[in-house]
Amino acid sequence: MSSLSLYGVSFDLVHLLLTSIGSVLPYPLDAWITNGTLVLVLSVLVFAAILLAASMINTIVLIWWERKLLGRFMDRRGAMHVGYAGLLQNFADGLKLFRKHTFKPAEADTLGFFSGPTAYMVTSMILFGVLPISTGWNSGSLPLSLLLALAIFSFAPLFIFVSAWSSNNKYSLMGGMRSAAQMIAYEVPLLLAVVAVVIVSGSFDLTTIVTEQQNYWFWGPLFLALVVFVAGMLAEMERIPFDLPEAEAELVEGWNTEYGGMLFAFFMLADYLRGLVGSFLVVLLFLGGWTMPSWVPGALTNFPLAGIFWFLVKTYLVFGLFVWIRASLPRVRTDQLLRVGWNRMIPLSLAAVFLAAALVTVKCLPVFGCLPSPGV
Amino acid sequence: MWINMGPQHPMTHGLWNLRVKIDGELITDCDPEMGYLHRGIEKISEDRHYNEVITLMDRTCYVAGFAWEHLYVLAAEEALHIQPPERAEYLRTLCEEFQRIGSHLMWYAAFVQDIGLMSPFLYGMRDRDLVLDLFQSYTGARMTYEYMRVGGVRNDLPPGFTGHARKVLDWLSDRFVEYDRLCLGSDIFRKRCDGLGVLSAADCVATGVTGPMLRSAGVKRDVRRDRPYAAYPQLDFDVAVADGADVTARYLVRMEEMRQSVRLLRQVLDWLDHHPGPVLADRLPRWLGAPYAPVGKEEYVLKRNYPKGVGFSSIEEPHGEAQAYVVNEGSEHPYRVKFRSPVFANLSATRHYLVGYRVADIPPIMGSVDICVGEVDR
Amino acid sequence: MSAPPAPPMPRTAGSAAEAYRLEGELPMVEQPAVPFVEIETVRAREFIPAAKEAFGALIAEQGQAKLIRPTFNWAGRNSLFPLHWGLACCAIEFASAFSARWDSERFGIVPRSSPRQCDLMIVNGTVTWKVAHKLITLYEQMPEPKWVIAMGNCATGGGPFRTAYSVVPGVDKLVPVDVYIAGCPPRPEAMIDGILRLEELIRERRE
Amino acid sequence: MQSDDVARTVAAQIGERFLGLEPFPRTAGRLRFRSEAALPLFHTVKEQLGFHHLSMVGGIDWVTHREVFYVVWSDDRRQYLLLSADLPAAAPHIESAASVWPAANWHERETWELVDIQFDHHPDLRHLLLPDGYEAHPLLRSFQLHEPEELEVKQRSV
Amino acid sequence: MTEPLTATEKTSDNPILWVAKPMVTAARQFARSLLHPSTVVYPFERLEDPKFRTEVGIESGKPIGVGPIWDNYRGVHALNIDTCISCNLCAFSCPDLCIDMVTVPGGDPKHPKKCPQIDYGKCSYCGFCSDACPEGCLSMTTRYELSVHSRREMVFPPEKLFGIYQQKLPMNPIRVERPANEDRIVLEPPLCIGCNACSRDCPTNCITMMEIPKPEAKPGEKLPKRIWKEPVINDSDCVRCGTCISVCPKECLFWGSRK
């Protein structure tokens, strides 16, 4: 396990920089510049910048990963000519969208039209800062980081609805309403599935949850919760089979019909950011985060940044599962979706909670140590 | 609230406008608006020679060009009193059945995309390309063939065609199983499609709906069986019928039709292997146009003693029952050409199978109708 | 008295071959075999000269436009989103170009349903006067920079239907067209070729 | 055999206004009738003879007069039947068949706008294929096609 | 089909099969396409490549099979100017009126040589022109890429078509045998004035002017003022292009049937 910490790295960087600057400055300035507060503020900013860059690059690679995987599922190749194997494709897309003319439909509401996607994007990015990628690689250990993450995650319907409403288009409006209904309906089973994890691990802190999985990953004992969580995540991420809000066949592009250029890029990026965060959460809650089973040779787990490496590998595999589902299932209808959400998912998630409670009560959890990752 | 779905809308599969009145997500009324692709084919045909109309027929229905060529050629032969040779009839049957598979695969691709299945769309298009490659190998084009002629067909099959075609049929038969697994095997698909867009047999007959939509309601009506033409009397096949009258039933009927087409095609290929012969009637009027010496300008023709006549034909096009009415008033050009497009009638009944369902149901229902706007607007 | 005999037509080969010189250069059909790795990286290598030019411009302090333009042109040409709509026959070949065999997504060409998110309108079929104003509306809804490709003969000049009462004789009468693709309908390869031709146009774009 | 039956039944119903049954390729024949007898004929053909399915309605402009024809199909007889009536070139009109066969609705709209035959008591006689307000009727013989005139080509404004 | 079809494979009662069947199918396709994606990497690979002709079916795993013949594709025309006889048949047979006969160097000044100029903005690639060509000098090649920046570049003059011919692209191998034509050009002798126009303009030189005996003038009757010659048409060389009919000043030639 690496002992590096993202915040530590950025703090060291800023501190080094400021002391070297301060050493050449005259008296009042050098004291001021090496002042602890300034270092703190600046290092937080650097930390945020690194996070931002990492999340953007990750998202873009994720889009590439989906396009390539989906291509093979569809018996074709996917993006391949722009950059090696199409790796630069999404950078080209982003640059192009950045270049596009930004506009507002004549009858659209200015404030909502522009603030909706921006807020959607920003909240999705904040999520990234909350989640630990490896030990020390988060914004600090928040005792309630899981709750915070899910709370921010559930902001989205509001902003989607705002942008859908203000773009003054019937399709957008319908897409926005569907989106809001769907997200709210699936919020509940999602949280209940998380409750099962919390019961077993006894903590709301994601770092602790992962540490608790040193001995056994939670996907074994909490399989039911995992299924509910993945289904709920699919709905939250608005992916097939639950991508009704953007259902291309009936609502042209759903709530982002009227968006083009950079605002559309915001939506796309935020969608995939949420996809990334969803995969992160699945890995963190059920697949042992950055820990690896003890039977994995030490050489594979002890190199620097091994935690991040394995964490990302797991994340991309989980996202691959989402892509697989997208490639093989049709989308369900609104009423069916809501019916499944309220009638099936909530009982299932309640059952998962009870199961978790029972497992904890009878103390049979160590049985699952035989599943991948018995470690000491 | 009225919403316009079209003319540019992913659901329409072409250029038309479905105006839907909705109450929440419920459809209370609808009004299709056609004519965005009206190209005046019937009018242009009046200015063309008989064989030159065939180039328009390919473009009338661009996913089933051969069926329309066949339709027109049958009617024109009737009007001009020409009898095609037997091998040409088998070749036309071959074309039409392969076209049925191609058209149904195109329908499959478009339909599954409507309900959100991403990869089967690609599979359908991929396998359709195999059929188009076969067409290209003997007609020289992928979609606009210009292969049939009044009095036969342009050329015979190239050597090695039948063996290759059999391989393609084998490949397709295996794929049909996969298609069923991807669609019928998925519960979401069944939930999306069962009991949707129901159009009872009585309504079908009243509104003039034909083809797979009619057969999905349990009416065993197929022009190939009822009024056989070309080589169909000699061939053995079943008419696919379902009793659900809904989207799933239409899916089943079309899939079964493709299997029946494979069965028909194996018989046709066997026949073609063993019965060489001419493919074009030997005595044809010069004024039929290419590839014979053209007529050119009107004043070239001094002595006309053309026979008059009128032709009517009806065939089972992939979308339904198509009819043609050709009037020959003793000139090089048809006096009047009138077509009946099956999709035209199927779309006119929209109100009967759309009202009462939800907005999210529009794509599967309209997808199951298998729309080709080119032949509706003509 | 007999009339002078008709002059014999030149029937010998070689006489005309020397008389005519080729106009324009026509692409050869046979292409050299390219190794797979090169196929994958060919666009990446395009990026390097573009970046070099950009960097050089920065060094030479020739202004922001020269720095940004090559990069953005590279981006714009490698990520063309065509409008997803089907007019007539060519729409089927348009769809085929996105199917498994041709897979236009290799070039970053992804059809979008909303005109707001598109850069490229491929007019794939006959344009009638009834749909003309809707076409113009869709064109105007696309944000700048935007391009139009007239695919097939109907969009180019009305094709076989140009004499009809309801058909616009060429979409260039309604919106400016950048590239015309001949064919009735053009093969998917021809469509991809047309888009590559458009990409060359974007590469030299000076705005 | 069947054709005799058709002729007899129709003659019994509409009498004088039945003008005969001519042979016609691939069908039971072409039944000619006077346009005044449209509705009773349609009812007879549908209800007594069992031609429940209306396939096509079309019109032909014979310059001197116009002809409207209907193609109907009977599932029991497995045969088509053509109904045809001559209409005067000036103000041609006939009773709409939409009340008998609802399928006639769109076919008659199309025939009206292309061949200019007025269908009385049609539920919804609007333009179908041509834009609203289009005056001409293209499938008349007097309507000539011509090469398109050269229009101005739009240029990109830089 | 005796039984109506019903969907029997309803899986909703079995929650394990809920999504499993399609997902397994998709995964199998995924595995197959990892090895053999059925994509032709177009600008670098081409379907004309003979290696694609036979690859079809599960044995290869790559469903690309263009069939036994690819060269049959109807693309851009190739014109052999040397053998073109300026018979106009291609222009006449074109249903889209996209072929104009334009003058090319090579003929004599009085009767210029005319070869087809094709407007690819109108052509519908039906192949009627190459079928009608009696000399086989106008044929369709497999070249299908033609994208241009302006409408004018789509008009291919004969020189450009000849350039395509010189590229030796694969030609359409299925040629239609021109059927034995029952029709021929017939002369209505009393109208003929022996002007030689038909013989002069005949693209195949199959018309020869034969002298006919000058009849004795009956008393009181004037002989018509004419050259005492009549065209004799060699039917085996005649391509039935109708040029003679169009140039005949007295309309004494017409289409007839050999009975």
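In order of appearance the chains are A, B, C, D and E, and numbering begins at 1 in each one.
We adopt the following convention: a contact is a pair of C-beta atoms (placed from the backbone, for glycine too) under 8 Å apart; a residue touches a chain by one contact, two chains touch by 3 or more.
Keep in mind the model is a prediction, meaning the values are calculated, not measured.
*Asks:* Which chain's C-alpha centroid is most distant from that of chain D?
*Replies:* Centroid comparison gives A as the farthest chain from chain D.
*Asks:* With chain centres defined as C-alpha means, what is the inter-centre distance between chain A and chain D in Å?
*Replies:* That gives a centre separation of 64 Å.
*Asks:* Round to the nearest whole Å and give the separation of the Cα centres of chain D and chain E.
*Replies:* Inter-chain centre distance comes to 38 Å.
*Asks:* Centroid from C-alpha atoms only, then distance chain C to chain D, rounded to Å. What do you get?
*Replies:* The computed centroid separation for chain C versus chain D comes out at 45 Å.
*Asks:* Could you put a whole-Å number on the gap between the CA centroids of chain B and chain E?
*Replies:* 26
*Asks:* What positions in chain D touch 2 or more of the other chains?
*Replies:* 130-131, 138, 143, 145, 147, 153
*Asks:* Going by the contact rule already set, what residues in chain C reach two or more other chains?
*Replies:* Residues 39, 99-101, 103, 106, 113, 130, 158, 160, 162-167, 170, 172, 178, 184, 187 of chain C touch two or more partner chains.
*Asks:* I need the residues of chain E touching at least two other chains; which ones are they?
*Replies:* 19, 22, 25-26, 29, 37-39, 41, 95-96, 124-125, 151 - these are the residues of chain E that touch more than one other chain.
*Asks:* So which chains actually touch one another? I want all the pairs, not just one.
*Replies:* The list of touching pairs comes to A-B, A-C, A-E, B-C, B-D, B-E, C-D, C-E.
*Asks:* Over in the complex, which chain B residues touch chain A? Could you list them?
*Replies:* 1, 3, 5, 9-11, 25, 112-119, 121-123, 126, 182, 186, 188-189, 191-192, 358-363, 367
*Asks:* Which residues of chain D touch chain C in the complex?
*Replies:* Touching chain C from chain D are residues 130-131, 136, 138, 143, 145-148, 151-157.
*Asks:* Can you name the residues of chain D that touch chain B in the complex?
*Replies:* 24-27, 52-56, 58, 60-61, 69, 71, 75, 78-80, 82, 101-107, 110, 114, 127-131, 138-139, 143, 145
*Asks:* Going by the contact rule set out above, which residues of chain A touch chain E in the complex?
*Replies:* 71-77, 80, 324-325, 327-329
*Asks:* What residues of chain C sit close enough to touch chain A in their complex?
*Replies:* 39-44, 47, 71-72, 74-76, 78-79, 99-101, 103, 105-108, 112-114, 116-119, 142-145
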